[in-house]
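In what comes next, subunit A is part of two complexes: it sits with subunit B in the first one and with subunit C in the second one.
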Partner chain A sequence: MRFWIGMAITFAAACGIVAFVNFDYLFFAGYTILMFVMLATAWNILGGYAGYVNFGTPAFFGLGAYTAAVLYKAFALPLPLQILAAAAMSGLLGLVAGVLTMRLRGIFFAIATIALVVIMETLFINWRYAGGATGLQLLRPALTPPFESYIKMLFLLMAGMVLASIALARYIERSWLGRGLRALRDSEEAAECSGVPTLRLKLFACTVSGALMGACGAPMPMYLSFIEPASTFNLNYAIGALASPMIGGTAHWLGPVIGALILSTLQQIVTVTISSEMNVLVIGVLLVVFIVAAPDGILGLYKKIMAAIRK
Partner chain B sequence: MSRLLKIQNLSKSFGGFTALNDVSLEIAEGERFGLIGPNGSGKTTLINCVAGSLRNETGQIFFQDREVTRLPAYRRTRLGIARSFQIPRPFTSMSVLENLMVPLEYVIHYNDRKSTAHAMEILERIGLADKADSPSNRLSQVELRKLELARAMAARPRLLISDEAMAGLSGSEVDEVLKILFDLNASGITIIMIEHIMQAVMRFSQRVVCLDAGKIICEAAPAEIVKHPEVQRAYLGV
Partner chain C sequence: MSFDLLLEAVLFGILLGCFYAAVSMGLSVSFGLLDVPHVAHPAIMVLGAYCTWVLGRWGIDPILAGVILTAPFFLLGMAVYRFYYEAFEKRGSEAGVRGIAFFFGVALIIEVGLILGFGVDQRMVEAAYIGKSLSFGDIRLPMRTLAVFGVALAMSAVLTLYMSKTFTGRAIKAVAQDEPALRLMGANPVRIKQWAFGIATAAAALGGAMLIVIGPVDPGMDRVYIGRTFAVVVLAGLGSMTGTIAAGLVLGISESIVLIHPDLGASWAPAVSFTLLLVVLGVRPQGLFGR
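Right, the complex of A and B next:
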């Protein structure tokens, strides 16, 4: 119950900001931060709960973005339908990737997911209709009331998607699905011998995680009014999506949320105040600090401190 | 007694190495069955094939007269084949209680409340109740062995395969684990025991099979098998 009240309050706050604040940069930056919260939450379903480290975030995110862009160019499909189609495509990619890599574990799985990014980028570089290597300029459609600015609408949309994906991740974590995923992360063989259908659960996690990443990428072409392969399939998405749960903590749905909020906010601040190249350094430094000092992330650190106080 | 498990002409090789060579075996419902043999003779490979962790190349496996040769491990667990691991493999991110909830949820399909209560019952029976809430990576060796057995029990098996559940335990701890296995058998569970502690195998088993280099070299009652010249040569080293 407390969770749902928190969700409602957060969404109301987002609506309030949209209604009363008129400062476009805030929404541009806020959209990016929210986007990384969603990517981190999606990543954690496969990477955190099931323990399959995925470097392929840009492939799923980019496929979602391109699905939306191509459907918009071809049929002028409205944004909600673009998002659904993007989620379906990226979910399918997750399923196929899961089937193809089902015998790979650990580092080998991670390598295969990097290959996925390269494959997707090559594919779209060579697809003339989708803009090829030079990219595709897109005109935003006319605004629908009550929104007076397009970026505000995107910000609110992303806030809604973030909350929905958090609710989904939390549901998975707390249900029998979550226990099964944790069991297969700890020992795949023992999980299988305890009746857990490990392959099916893994494919489920791949599909859901991929679909959420795709949905997250869908509004990107409209956000930029532009899409091109090099930035869409950028490995920075992979690093951001992976580093946030590591910093926040992978065991709990709140971990990636906290991690992404801290990391992306810091990155935005560094981009504006110092340089847009320096922001990648923030991830690197924080990641090293946390892996050495708090391997279970902020949530793990908090638990440890609370346990020490109680003693 | 009716037949529970039937293994027919089972062979398994890893590359050029033949781990199991044409093994055939039958185990009756309610039996206490011992499996012995020197290291590398194929004991664990055999039960990996029975439990479904490995796929055999040739041969067939029947459980309650139903062929399970091609079924994945989780389906076999749901049919009633449970096992413990030689090197304990607890779910380290979970508490002892949660470890048991995995099979209770996935095999028996209990809900959260019911599986908590039932897991507690099993822990009490096996003597781990006071450790229910401790993280499973903080257990001692004997507690880990018990957890392996408890988790296997939670799947409510008809056949329990105990893979060296007593290796490295002290004399009194061996007795403790042995008592658990006797109790389980008394409640109707068929048990296959793989063990190097001969004294335990002798006391526990009604029938013993000795494997050597992937072949069954002898099958007999415990008292007779120790006298068998082949077994003495290959395993006992008398």
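Right, the complex of A and C next:
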């Protein structure tokens, strides 16, 4: 119950900000931060619960963005339908990738997902209709009445999608699905022997994780009014999606949320004040430090500290 | 596609393939034999290329510079492995996920460090054999590619002989085959692995020198080479040295055919290695010469 009240309050707060604040940069930056929260949450379903390291975030995110852009160009589809279609396409890609990499674990799975990114990028570079290497300029449609600016609408939309994906991740974590995924993370053989349907669970996690990433990418062409392969399939999305749960903690749905909020807020600050290279360096260093010194992330540290205080 | 063009593509592919095999040799040891998820291998290679560039500004020939660099990189490799061992392998559980993320972070730090130090511009070196080419009838082969081909052959031969003929080389293979047995014989597997990782990193340094001889280098280049090196090592069958050469040739020839093909061309070339990798992983994960 407390969770749902928290969700409602957060959404109300987002609505309040949209209604009363008139500072466009806040929404531009806020959109990016929310986007990384959603990517991290999606990543954690496969990477955190099931223990499969996925470097392929840009492939799913980018496929979602391109699906939305192409559908908009071809049929001028409204944004909600674009998002659904993007989720379906990226979910399908997740399923296909899951079937292809069925027998792979650990590093082999990770490398296969990098391969996915490069292959998707090459496909879209060579697809003329979608703009090829130079990209595609898109005109935003007219605004729908309650919103006075497009970026505010996208911000609220992203806030809604983030809350929905957090609720979904929490549901998976607490149901038999999450228990099954944790079992296969710890030992795939032992889980299989105890009757856990490991293959089906793995495919489920790949599909859901991919679909969420795709949905997250769908509003991107509208956010930028532009889409282009090199930045859409940029490995920096993979870095953000992987580093946030690792820093926040992978065992609990709150971990990726905390990690992504800290990382991408820091990212916004460093990018604005120093440089965007410096911001990637900060993520890299934080990632390595946390993996080595605090394997369970901030949540793990918090638990340890609380346990020490109680003693 | 005409026969002459195909012949040229195959010939160029063989030269390129030997180069790919040579830059993958180090990964074949660190990942293939030691099972370290070394995604930072290409980043270390690019670091080696930049060190070669720095030495080149003092008038040192790039290939000589690559040979000189093997010594400091050997020590660097030993240190990296020691750290990896203490932080992950020793603790055991869940080393997989965190080990991969760790090396990913290291690659990122190297890449951004190079951008901050040298900028995003491409760098190249100068030497007598760069910029000229040799003609055989209608076929012209650039001297720089031939020079790299020579170094690649020599390096592959030395490493293959080292792994199969010397005591340490055999010890490294023994660690890969059965670590507990080695431990029972009274040998220290960690020291052998540390040595092997040093060799792998030294090979990456020389690979970096070849990389900057064969063409201009920029800090983000490691991303393409993740695909190429892992494709070669996986296709070879983890840790097989002769397999590495064969797999390098397969990749080199397929890439150069795609490059020369009139309907495909350069924009499809980066996907070749990754597609090959996916196909091998999906169809025959143990590779051509798998153990």
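Note that the second predicted complex is superposed on the first by the 311 of 311 C-alpha atoms of A that agree within 3 Å, B and C clash if a C-alpha of one lies under 4 Å from a C-alpha of the other, contacts with A are read in each partner's own complex, and residues count from 1 in each chain.
The working rule: contacts are C-beta pairs under 8 Å (C-beta built on N, C-alpha and C of every residue); 3 or more make two chains touch, one makes a residue touch a chain.
Because the structure is predicted, anything quoted here is derived from the model rather than measured.
Per the definitions stated earlier, placing subunit B and subunit C onto a shared subunit A by superposition produces no clash, and the two fit side by side.
Contacts of A:291 after superposition: subunit C is touched, whereas subunit B is not reached. By the touch criterion stated above, A:122 is placed in contact with subunit C alone, subunit B being left untouched.
Using the contact criterion defined above for the overlaid structures, shared-chain residue A:110 touches subunit C, although it does not reach subunit B. Applying the stated contact rule after C-alpha superposition, one finds that A:179 touches subunit B and leaves subunit C untouched. Taking subunit B and subunit C in turn and counting the residues of subunit A each one touches, the greater count comes from C. By the touch criterion defined above, A:283 reaches subunit C but does not reach subunit B. Applying the stated contact rule after C-alpha superposition, one finds that A:301 touches neither subunit B nor subunit C.
In the superposed model, A:168 makes contact with neither subunit B nor subunit C. Legend: residue contacts after superposition of the two complexes on their common chain; A:88 is shown touching neither subunit B nor subunit C.
The gap separating subunit B from subunit C at its narrowest, counted between C-alpha atoms of the superposed chains, is 8 angstrom. Interface residues of subunit A, counted against subunit C in their complex, comprise 47, 51, 53, 55, 100-101, 103-108, 110-112, 114-116, 118-119, 122-123, 125-126, 133, 235, 239, 242-243, 246, 277-278, 280-281, 283-285, 287-288, 291-292, 295. Subunit A contributes residues 176, 179-180, 182-183, 185-187, 189-199, 251 to its touches with subunit B in the complex.
Subunit C contributes residues 31, 37, 39, 87, 94, 96-98, 100-102, 104-106, 108-109, 111-113, 115-116, 223-224, 226-227, 230, 234, 267-268, 270-271, 274-275, 277-278, 281-282, 285 to its touches with subunit A in the complex.
Within the complex, the subunit B residues that touch subunit A are 51-53, 72-74, 77-78, 82-83, 85, 89-94, 98, 101-103, 105-107, 151-152, 154-155.
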